[in-house]
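Two complexes come next, and they have one chain in common, chain A, joined by chain B in the first and chain C in the second.
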Partner chain A sequence: MPFTAKSGKFNASINTVEIGTGDKAIKIGGENVLPLYSFDAPIENAPKVGIEITDFGMENEPDCIKKYYEGCDTLADIAKKAASFEGVDFLCFRMEGGDPNGANKTVEELIGALKEIAAVVDLPLAVAGCKNAEKDAQLLSKAAEALDGKNAMFLSAKEENYKTVGAAAGLAYKQIVGAESSVDINLAKQLNVLMTQLGVNPKSVVMNVGTATAGYGFEYVVSTMDRIKAAALSQNDTNLQMPIVTPVASETWSVKESVSSEADVPEWGCQETRGIDMEVETAIADIASGSNAVILKHPTSIATISNLMKELV
Partner chain B sequence: MAKFVTIGERLSTTAPAVNRAFTNRDPEPILKRAKEQLDAGAVYLDVNIGPAESDGEELMKWAVQLLQSEFDNVPLALDTSNRKAIEAGISVYNRSKGKPIVNSADAAGRIENIDLAAANDAIVIALCNGEGIAKDNDERMAFCQMLLERGLEHGMEAEDLWFDPLFLVVKGMQDKQMDVLECIKMFSEMGLNSTGGLSNNSNGMPKHIRPIMDSTLVAMAIMQGLTSAIVNPCDLRLMETIKSCDVFKGNTLYADSYLEI
Partner chain C sequence: MYKVTFKFENSEDVTVFAAFGESLLEVARKTNVAIDAPCSGNASCGKCKVKLISGELDSKKTRHITDEEYKEGWRLACVSTISADVEILVPDIASAYRSRMKVADLSSPDEIKIFDDIKSSITEAGIELKNNLEIIELHMEVPTLDDTMPDNERLVRAMRAATGMERVKLPYSVLKKLPDVLRKEAFHVKTVIRKTPRDLFVYDIFPASQEVIVAGAAIDIGTTTVSAILINMLNGTILAKGSSGNGQIRYGADVINRIIESDKPGGKERLQKAVIEETINPLIHNMCRQAHIKKQNIYRMCIAGNTTMNHLLMGINANPLRMEPYIPTFFKTNSLFAQDIGVDVNPDAHIILAPNIGSYVGGDITAGAFVSMLWNKPEFSLFIDLGTNGEIVFGNSDFMMSCACSAGPAFEGGDISCGMRATDGAIEACTIDAETMEPDFRIVGAPGTKPIGLCGSGIIDVISELFRCGIIDPKGKFVREGERVKRDAFGMGSYVLAFEADAGSVKDVEITEVDIDNFIRAKGAIFSAIRTMLAYCDFDISMIENVYVAGGIGSGINMENAINIGMFPDVPLEMYHYIGNSSLAGAYAMLYSTASERKVYEIAQNMTYIELSAIPQYMDEFVGACFLPHTNASLFPNR
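So, the complex of A and B:
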């Protein structure tokens, strides 16, 4: 009997979400197949890669990142430089300094920095908070106002602050809202339900379902993303058809494999190579599990993932 | 596994208001009842126009077009003993939200409704009954086999035959209830879909008792593998039970708001 290949495409699909405006706008999602299964049906929008910078500029960055930004004096310089690296689809500004337990920068200061960046970069923008739910509610609401009309992505609304963030970013300024849960599939769905009940257009929602660095309990990330895509596609669960955006750099650049210097652990070899490896391995594992976009830091990692996507999709 | 399919039963000529509306081609009461059922979570709507011997074809077309144009091509079960009316209904049916269901065929006088479903690429409810109620599960399964073969011979996919064990009334046939549940399990073990008029079980019971009996039976039947039922979707207890069963069976992913969606 001849072998007849059966397509594994589904009748349901992931929502297509556009981020940014004009020529540089990107689309994520839209596929009706499992991650990277382009042999089952064409994948219209290959997973995208963002670059992350923070309000600290190069202050806290390892030397292997700093060297790429030589000569950049201001945040605007850094942003311009970041946007120019090969394979960068969008720029993510993380307002790390807002953390009340850290630098506790004011909302005004951080929004000022955001505006500085937005003025010089024409790539689609993502804005990430400081991980303090209360402060993020203020920060992201103001950021949504500051970026009015830019169709930017806000990372993220959590269970504790989805009403404020969702209302500002999703309802008042019609931006893209990220719904963040931490490797908890039921909460991931619940947040999308709540956001929809709030009145946010489900087609303007993306999910950050959390990640770990590869090797650090990553199997939970895989199973969470797997089950989300399975429910979205095979059960046509409209509350899980939002594309997944995964901030990777903020995870991988803090593990010992990435931060230990070569002087401390000579047997591990070059620190930069290790940092890139951790970032690339985590990013591709996230994409293979269902992430529609990843946010990275090292230019080599970004070029690597970007090229890989061009080859695979 | 797919989610449990509810077929709303409240558009039936057995209700005098609906009967009048069908007779007078009065859209308002029909649309109102349809909307109530869809808002309550019905997937399919059953359109029971009765025997409709004189004007069945025209009536079914009218009803199908009325409901599908108002409610985004809602999928429908066409329920009448008038075969020409079912065919007429299918001729104007939009299947973008699901195939039409022919309600119903049995292993006696209505077996040709299987052929009708096959010819029109429809789903058919296959009642495992001959003349009168099957006396035991041997007989039910013999009818099931006969109906299944008939469908397959006419080119149907097995999944488009939804087998109905015939739910029996508790008051009077209490001793047969476990047979019905056992029969559903046999369908399920054969990989077959199943459905039926679940609320038959509570016929004649006080109004406040019926939701309790219906929701208990649906949970037991879903455990046995029932994949669909013809129900009153406006029965909140029943619908909450079905949604909860879908969670336990893994047919839908749990979220705290699962009852609201």
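So, the complex of A and C:
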């Protein structure tokens, strides 16, 4: 008897979310199959790759990143350069310096920097905060105003500041709001419910359900993403059908495998190779578990993932 | 050494000397000055507020005390240390747990009905309502020079003749009064005896014409509240009832803190003393006065309490209960007598303990499960006892499963800034106008009583109403602004139920985001425990046909509101039955009916205990349940 493969496609699907405007706009989500299961049904929008830069420019970056930005003097130069690498679908600006426990840059200064970047880059934009909920509420609200009409993505609203961020980015300026929770399906869903009850269109919400670097308790990430996709697709849980966007670079470029120099641990070999490996492995594991977009830093990692997606989807 | 004077609103000063740096709360404890400290002095509950009248205290300012209150001299006893001679006013609010003792006759028809209903359902279940205590009247020959048998032998011989029992035991207490009583009415006496198939025990002896009441006491020892009834053992009527805060409260609000305290030097004795000498004995004393009987006429007691309470009552080391693998010293015991632990009743009175079945499912649950009668029904029922520990039993006449979850003291008003037990001044029910956000509430106590705080049933109502009116979001955070919604310096929201001017206390009666969060955790613990246990046996909520809710969290819970906030499963309201203090009712049944006592032992034997902490799914369920009504809204389709 011939073997007839049965399609594993679902009646429900992940929301399609468009980020950016014009020719360069990208779409994420939309699939009605498990992550990368393009053999069950076509996946219209392959997972996308973003590149991350911060307001510190190249100041805190490792040499293996810096060398790609040689000759870039201003943040605008860096942004232009970043947007030009192979496989970059969108640009993410992380306002790291806003952290009150760090450089504590003012909202005005950071929004100024954001405007500089927005003026020179035509790729879709994502804006990430400084991880301090209170400051992010101000930063992201102002950023939403500054990027009015750009259909940008704001990463992220958390339980502590979803009202401010959701109201500014989602309601007032109709941008895309990221909802960030910490590796727990219930917390992810709760924030989506709160956000929708606030009035934000669920089709304008993406999730950052949290990640770790592969090998650092990553099984929790896999299980959370797996179950979110399973609930979204098999149970048609509309509160979990938002696409998942996972910032990877900010995780992987802080673990010892990526930051220890070759001089310190010669037996580990080349630092750049290690950093790329950690970033690529984490990114592909996130995608295989259900991320619809990942945000990376090293141009080689970005090209690798981008090419892999072209092959797989 | 410094002189510390405690002053009270209604009683005499207490003066004591203390060393520099000693904690005021510790000084108060050592001196037996009652200051309520449910958090065990961790500065987290804010209940130990005292007022500095003169002198000095080295005291930290905490979030429980406003600038204004601090200026007026209000301090938390637990964060205050002695640095000079000082005079302290201990307000009634702080020492209230002691005076909260209430003794009353059972005048309310509702309450009488609860016990009548229990009696009839026990009879319907084919269980005999009878115990082995009785009064036997004896006529003996008056001794003469020719008949020189000693008094005790004479009594025993008469007893054998009257009952046909060979073995008759006379305790010392009877022997002691024997010669006088026998001679009062020419060797015509009444005896109070216990008859078992093997032997006969004489508890007491009276002149024949004396009116004798054979009394028994049923006591529910809750972590927070102790309730008791005094009954006539011969006909089951209730002679008096009483309730009081558990005197152990000042050593910690929950069982874990109590166990920790009991592990300190002298701790076992302190905790035993707090529950027996300061709680049970005064309760018995007051009930006996109310019923006009003597304490010595209480010949049997039945105590239902959780496993920790049972251990602490008996002065047994409870520490293994909180240490993995959580092993209690006993589940049941038959060898406890009043004189062993100093309970002030007839010294030979047998104390029956409702059996425990797990380290955190105790006699209160086995007794409660008995009176819920779920063991006698073919359909599946859920029994929920809301207390500091939430305990749940699910099953029918074929099987029973039980589990316990730590709900915290929120249902009884603990860990809630304006929380209190269901005593005078507690808001026990509430509605809120969705338009104006104005509350309307019912207060425990005489008409005109001003609100002081919220008890469990009131908190359920307030949170359900705040949520219904869109004042809080499903996470319990304030999303509407108005005159009654306040924000403190840290941005934390609160809803004012009664402004200071209308309140019976020194500040606004309010519910804060932290309170709501605490309560959401408590209700989340209950609901997730129900779901986890049902899932564990491959059942789901649709299979439940009866839900019995027990616990003393108010005169009654608004079940609809409890479902609205996702505390109880969304099944039709008519399936819910509030059965009051089922632990006390069960203790009553065990006390009055020997067959019921045996049945409770049988139930305890047949109940399977599930340790929730061993089920990984529980944590997931818990996080999902910490949302109004639930993260999975499809579990509450009718809300």
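Just so it is clear, the second predicted complex is superposed on the first by the 313 of 313 C-alpha atoms of A that agree within 3 Å, B and C clash if a C-alpha of one lies under 4 Å from a C-alpha of the other, contacts with A are read in each partner's own complex, and residues count from 1 in each chain.
Note that in this section a residue touches a chain if its C-beta (ideal position, glycine included) is under 8 Å from a C-beta of that chain, and two chains touch if they have at least 3 such contacts.
These numbers were taken from a predicted model, which means no experiment stands behind them.
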Clash or fit, chain B versus chain C on superposed chain A: clash
A:163 touches, of chain B and chain C: first, second, both or neither? second
Which superposed partner A:186 touches (first chain B, second chain C, both, neither): both
Which of chain B and chain C A:101 touches, first, second, both or neither: neither
First (chain B), second (chain C), both or neither touched by A:240: first
Which of chain B and chain C A:194 touches, first, second, both or neither: both
First, second, both or neither for A:4, with chain B first and chain C second: neither
Clash with chain B, by chain C stretch, listed 541-549, 577-585 or 613-621: 541-549
Residues of chain A that lie at the interface with chain B and also at the interface with chain C: 185-187, 189-190, 193-194, 197
Parts of chain A lying in touch with chain B, wherever the complex brings them together: 185-187, 189-190, 193-194, 197, 227, 231, 235, 237, 239-240
Contact set on chain B toward chain A in their complex: 2-3, 251-257, 260-261
Chain A - residues contacting chain C, complex: 159, 163, 184-187, 189-190, 193-194, 197
In the complex with chain A, residue positions of chain C that touch it: 473-475, 479, 620, 623-624, 626-627, 631-633
